[in-house]
Every structure is written in C-alpha cells, then in structure tokens.
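Look at the two complexes coming up: chain A is in both, with chain B in one and chain C in the other.
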Partner chain A sequence: MGTNKRIAVLSGKGGTGKTLISVNLAAADGNGYYVDCDVEEPNGHLYFKPQICEEKAVLVLIPKVNYELCTGCKDCVNFCKFNALAFGKKVILFKEICHSCGGCALVCSDKAITETEKTVGIVNIGISENVKTVGGMMNTGEASGIPIIKKILEYIKDKSGYIFIDCPPGSACIVMESIKDADYCILVAEPTIFGAHNLAMVYELVRLFDKPCGVVLNKCTDGHNPSEEFCREKGIEILVKIPFDKELGELNSNGKIAVREDYKNKELFYSLLNKVKEAVE
Partner chain B sequence: MRIALPVNDKDIKSEICPSFGRTPYFLIYDTAEKSSVFLDNLAAQSAGGAGIKAAQMLIDHCVKIIIAPRYGENAAKVLIDGDIKVYKNIAGTAEENIKAYENNQLDILADIHPGFHNHGNK
Partner chain C sequence: MKQLLILSGKGGTGKTTVAGAFIKLNNAKAYADCDVDAPNLHLITRHKDMPIKKDYYGLPKAHIETNSCMGCGLCQTNCRFGAISYNDGYFVEGNACEGCGVCELVCPAHAVSLKKAVAGELFLYKDDSVFSTAKLKMGSGTSGKLVTEVKKQLIENAKEVDLAIIDGSPGIGCPVIASLSGVDMALIVAEPSVSGISDMERIIKTARYFGTEIAVCVNKYDTNLVNTERIEVFCANNDIVYVGRIPYDSAAVVAINSGKSIVEFDCPGGNAVKAVYARVIEIMQKKGDL
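Presenting the complex of A and B:
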C-alpha cells in the first residue's frame, strides 16, 4: 500500500449525497484523488468534467467449452452456484450470469472447459484542476461491477495523498469491495425514518469491517431527525450537519462543485475535511 | 410423456403460478401412467438465473412438455436445447390444463418474456 489515506463515502440508499460529499471533499483537498466506485451508474465525472488521460479495458475470464471433449456429465452445471451453465444436448453458457470463479474448469474431468477473456467494462483516469479522477463503467447487462472496482483500486494502490472513494449505494458485495482497504468511512444519511434504517445497515457493515467511521447528516431541516437520533443512541460521531439548502441543491443539480463556487456554506466541507484528516492522521 | 406445470400449491387443483423460474413447485404429470408428482423448485431461492436452473431441473426430470403462462429468454435457450415444448396455459387449475393439453386445446407459447431485469433494451 502506498502512503495514501483512503476515505470511503457510503450510504445505505441512493440519493443521500455520497457524490456531493466525496466530490466536494476531493475538490476541497485539491490535490488528491476522487475515485468513483459506483461503476453501475457513475456520476462524479458530471461534476469534475475531467480531461481523460487514459482508458483501460477490464477483462474477466469466462469458460470456453470444447464440445468434442465434453462427455455431458453435467459436473460443471451442478457446480455453478450462479446458474450460468445448463445442459440440454450440449453445455450452454450464460456469459452475463458468469461470475468468473473458474470452478467449472476445475471440476471438468474431461478437460473440456478452458477459460477465455471477456471485456466487462472500462476504467478511466483523468484530471480536473489538480484533482486526479479515477472511475469505471460497467458494460450493460453484466452480472457484477466488482472486477472493475478491483481494477480501480489496484490503480490507486501505490498512489499517495488523500483518496476519496465514492461508493455505490447499499451494503452489498460491491460496497464491501469498495471499503475493504479504506482507512475511514463517512456514512451519509438523510433525516427520515427510511434514511435512519439505511444508515443502520451501512453502520453494521462498517462495524463488521472494523472501520473507524463518522456520519454526515445531509438535508437537515429544523424537524425531527431519526438519523441523528440513531447516531446519539449508538454514540457515532456526527461529522457535520448539512442543511437542506436550495442554493446547494441548485449548484449540485447544475453539476457545480460547491467548494469551487461562491457558495455561502462551503466552510462546512472544509471543516468536514479537517475532521476526517484529524481522524486518520 | 412427462408434462410440467408451475403451480402455487402441491395440489392437482392448484392454480398455475405466473412465474416459471420462481414458482414454488412444479407438478409433473405422466401421461402414460396418469400419475402426478410435485417437485420443490430449488431454483426459486437462486439469487440469479432461476429460469435457467428451473429449466435444467425439468430436463433432468425427463420432462418434454411445459404448460406455463410465460418464460424468460434464458430459460428458453435451455428448453430449446433440451427439446422441450412450451404451451400457454388457459384459465383454470393444473388439472384442467392437463385435460386441455390432452384434448389438443392448448397453443404453443411463442412469445418469450424478456425478463424483469432491465436487460430488455438489448
């Protein structure tokens, strides 16, 4: 691992403000990395509008059947837990469902299955002012974005400076992959019962991974905030409360980065950045 | 000849289940023996590829005819390779559908459902 600090930004649901937070943190820091791990629907590039310097294809291995050697034992079909293989009169492969585990090639006693490469998406590397951006895009119809995230994380492994990782929503495999090597996790939550429920789910996930974490309460109003209540109950640090603010919403919906604009509350993002830096130094 | 029908209950008078891959049970009727058995659909618990697994299960049970309201693209590939014909069910119970099949009153189910996984744009 390089001399970097990785800050993962995650939330249990979409639309809480992961990209808002990670983009603004990366821009406030100014010379680190913004990494968009939401490879199913990346949108960080809409804010940074990076100049793309490099694009790499992401390849995975999928089985290739030699029908002359296949004796129709169905061992591969029975082995595949993803149901990517079937057998009527011959082996049928469903490429989009295959998770590239390689098991079918191992269990084939006739040596009829070998592996071959398939492109599942791309990784792109770019720059916006002094912020380096790394993102990926999964091809439509693919089963999993994990190979793309692995490639993204492999790229940043030996980089130095602050790395802000914009995670996919939820708490499934793809999020686990994104936070695996994080030094700190920022959980972004909305002030609703649904928001608090989703916060509880990601909180459980980061606890499981034993990651230090803090919460950003986004879209705060004067009313009751179930997510804040959850934090107080569990003793989780509240890093910053971002108000429900039309001006910020407008900047954001126009693809503007608040800290690069003349936004009245941009101090909030700098104070968040300082808190996170203190926590990981 | 063995006929399979996706059913909601382990009962010959059960309604037909609208889902092929994730039906709880298959009723398998043997036209020669005039007997029926019920098969737990193990594919129903799959995270993905349920239609493929269900189709494979029916192939492995020597089924040649399926009576169902619809089935997906992936299941279709497997069923075609397994020489299984699919007929569209009529309103009514599994038993009524078997009778209708035996009286040649069912149509081949030609239109294949593109699935609910948003892959339909291909």
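Presenting the complex of A and C:
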C-alpha cells in the first residue's frame, strides 16, 4: 500500500502565492497530485497545461414545480430558509441561490415538487509530465463552489502519493472543506500588514483543526516583514523565505513552472518540499 | 447613493490599495469592505471613534435533543450536507450544517430544533465618514448574506452621501454576487499574468450576467507588458471601458505597512492611481451617476 499524504496550501488573503507554491511543490515532487480547489478562479491548469483525461459535470438537485398539482399553499416558500422560492402568481424558483436541501419537495403535501438535476460546473482530471492534476471550474453566475470541491475531494480520497491541495482564499467553509483531511498545512504570507492580518486568521483556522503547519514568506524584500514578526511571536516555523524577484514574477505571470525552467532559485522549492516531507513522515 | 465597487476576480491584484486610494482622493464620506472573509480596508483607513459592533446571525443551526431522539436516523438520511453524525446518538456537526431545516421537518420525535448562531460580526465606524465592514466567523458559510448586511448598514447610515466606495472580495461566488447588487459601476483591477487574465475574464462574465457596468484597469502593468497589452486588446474587442495602467511600485508596500494610502506618497504608482480615479469619476459623471 502506498502512502497518502495531503499537503494543503492556503492563505487568508488572495494573491499571496498559493498557486505558485503548490504548483512548484507538485512539480518538484514529480509524481503525485496537484489538486486545485479554487473552483471560482482556478489557475493551476494554466501552469500545468495538463492533458485532460476525464471531465465530469457536477450536478446538483433543484426543485421543479408541477403547476397542475400546485395548490398555491406556499408551504415550500415558507419552508425555504434560503429564500430561493417566492410566490407571485405561482411559485418562482431562484435557482442560483437554491442550496439543494430538498426541503421544498419534502414539505409539499400536494406532491407538486420533484427534483431535477442542474449542472453547476465541472471536475477535470489530467496529467502533466508525471503529475496528476485534479481541478474544477464553477459556472459563472453560480453562488457556491462547494459541490464541486466535494467532488474533487471525493476523487482524491483513495489516491496514494503526495497530494498538494491549492486552496481557495479566505477562511470560510469552502476552505475548511479543503483542509479537513490534510496532513500538513502550508500558510503562504506576504510581507505587509494585510498579509500578517490574514495570516493570523488562517493560522487560527489551522489551529482549530489542530493541523501541523509552517509558513512560507513570499515576496520578501529588505524592509520589515509584519508576517515574519507574527511567526516569531507565535513560534510558527518559517519553512522558507522566497525573495521578491522579477525573474520569478515574470515566469509565473507567463504561466511557467519555475522548477521546470532554468530558474536560478529553484532550490528554494526543493528545500521546501524536503522540509514538508520530513514533517509528515 | 451611487455605488462604486472594486473587484478583481483574482486575489491580491490590489483591490484594497485602489479602494483605499479612491477613498482618500474622493474624501469619501461613505465606504465599505465587502471582503468579509479577509477584511483589510480598516487597516489603512483612520477613524477617531471606535466602531459600533453588532453580532451577525447567519442561518440558525440544527440541534438534536438527545433525550427526545428515538434514534430513527431519518435526519441523517435526509441531510444533504452530511452534517449529521452518529456516535452513541445522533448529533449535528455545526460547521457542516447549512441551517436548511430538513432534519427538523422530518424528525417524528420533534427532537430537532434550529438554534440561533452567531456567524460573524459587523462593525460600523461613524464619525467624519461612515465605514461599514464585517468579519465572518471562522469556517462560516453564509458570507453572501453578511455582505448584504454590510451594504445595508452602509446605506442606512449614509443616505445623504452621493458616492460610496466599496472594496469587494476575490472570486466570483456568493459574496461577490451579493456585493454587486445595486452597484452603479464595478472597477476591475486586473493583473497582467495568465492567472490574472483568466480570473478577470470570469469576473467580467459574472458582472455582466448580473447587468453591472464595468471598467478595467491593470495594476503592476510593467511586470508583464505583453500580458498588459493582451488585456488592453481584450477590453477593446469586447467594448469594455479601459481606465488605465498602474505600475508596480514598492511604495505600495511601504504605504500599506504604515497604514496609509499610496496616493499619500509622491510616487509613480500613486500618480497612476490618481489618473485612473479621475477617469472613473469622469465616466460616472457622463453616465449621469454623479
């Protein structure tokens, strides 16, 4: 039986370098999984440019009203906690805000509501060199990517090897879904008070789940680094400091993976990978 | 009140830096931070008085009264969110519960009730200006509803103000959709990277889906000129109002870390933001918003 180690890469703030870190770690490891859980704005595929082997639609259930059976009692409208149903001359559904709980169909005493499937996005499985990629994309206009993230996590459940999970920004439920089963969390932070403030939030989240973690300080300059101060204060391990570097910025903005290029500092990513592997083994 | 919302799709492109600058330049009397997952605007705006705090209640969460539970398991079978577990009795996993009420509906023993749950905190700063912001509680899921509350709090307390500047959240999902409601113009701060372009295209689609007028500017444009030009061509080809380029400027980090706005410094970044601001205001005036 192979090992199965999940490394979640997260940050409270967006744009700190989650994708840069997770893509390069997965590429440096070379034969595990890269999993993109940012289904609202997925970017990992722009780097790996994977050959897609499988693409699946993600479906959720939404109610469908049979107006011939509906007596207009409004029980469904009153039941729906999400205000996804309203009553004008008849029952109206706002399908973008429906949470697919199925309550309206249960509460309808006239059996006028059945459920029908609606596509909210896709999950795709691909390969780039020897790295397996798993990602998803929510359809624009949809409110929640959670059903897609759940599908992604379901897919990787029984996979072995190193699994690098690129999480969405923030600290809401969507992030919790992504880190719930992680063996280790990498927190990526910028050297600003914004970065430190959001690092504090996401650190709290990781503590809540009692996950081992370490910090990557990204875009470091010579000036003072509020995120670094936070780590020292809390005694959080700093895994690596990645200097602000035009060359890396340019590679990254062109969708290039630093460890697959002739990049002068690619050792940084290998040393990060080794540290993380030591921590989980 | 007219509303100008700053969005980006991708995180970290400079929404809050731009919003902070606009607030300063406009001497704004009303503004809000809708990034309730990771609010930051309060770190660079200054207020004399402490904020008024208010608990935010999201949807109530289910609670199973063990003494009344017969152990039939109907709640678990019917829960679509996997929020009901069994360990010597059924119980609700608070973080997974979305408060839909299905378990309460199906329980034959009336053992389930929905209980009020604090899902975040609202803050209202009200002195020379009105600033509405909030922080979602760790792991909560109803961020869209909290965004709506942030905006409601702003509008209620600043009815007379002509223009409100609103800092949005990254992504294209529920909090972003909630922040778009009632907005007169959304300024999208794009970044010239392959990720930034892909995310910009998705936020533009989303804003258009909800019928919001948009304008685009590029931040850190000189980090990748080829991609900046791609964004400019994209805007021209898709009839999107383009309001200018802002260079990468290390003064931005210095400004943030001293709790100030970049336009308080005489630097290329700050000057470019001023030009973008002037164009946005001009467009809103022409439209008849201001």
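The working rule: the second predicted complex is superposed on the first by the 278 of 281 C-alpha atoms of A that agree within 3 Å, B and C clash if a C-alpha of one lies under 4 Å from a C-alpha of the other, contacts with A are read in each partner's own complex, and residues count from 1 in each chain.
Quick note on the criterion: contacts are C-beta pairs under 8 Å (C-beta built on N, C-alpha and C of every residue); 3 or more make two chains touch, one makes a residue touch a chain.
Quantities reported herein were computed from a predicted structural model and do not represent experimental measurements.
By the touch criterion stated above, A:135 is placed in contact with neither chain B nor chain C.
Touch criterion met: A:82 reaches chain B and chain C at once. Within the superposed three-chain model, A:143 lies in touch with chain B and with chain C [touch as defined at top]. Counting the residues of chain A touched by each of chain B and chain C gives the higher count for C. By the touch criterion defined above, A:90 reaches chain B but does not reach chain C.
Overlap of the chain B and chain C interfaces on chain A comprises residues 82, 96, 140-141, 143. Those residues of chain C lying in contact with chain A across their complex are 9-13, 16, 37-38, 40, 43, 59, 78, 80-81, 95, 98-102, 105-106, 136, 138-141, 143-144, 169-174, 177, 191-196, 198-199, 202, 205-206, 209-210, 223-224, 227, 250, 253-254, 256-257, 259. Chain A contributes residues 77, 82-84, 86-90, 92, 94, 96-97, 140-141, 143 to its touches with chain B in the complex.
Of all residues in chain B, those touching chain A in their complex are 43, 46-50, 52-53, 55-56, 59, 74, 77-83, 119, 121-122. Residues of chain A that touch chain C in their complex: 12-16, 19, 38, 40-41, 43, 46-47, 79, 81-82, 96, 99-103, 106-107, 138, 140-146, 168-176, 190-194, 197-198, 201, 204-205, 208, 221, 223-224, 226, 246, 249-250, 252-255.
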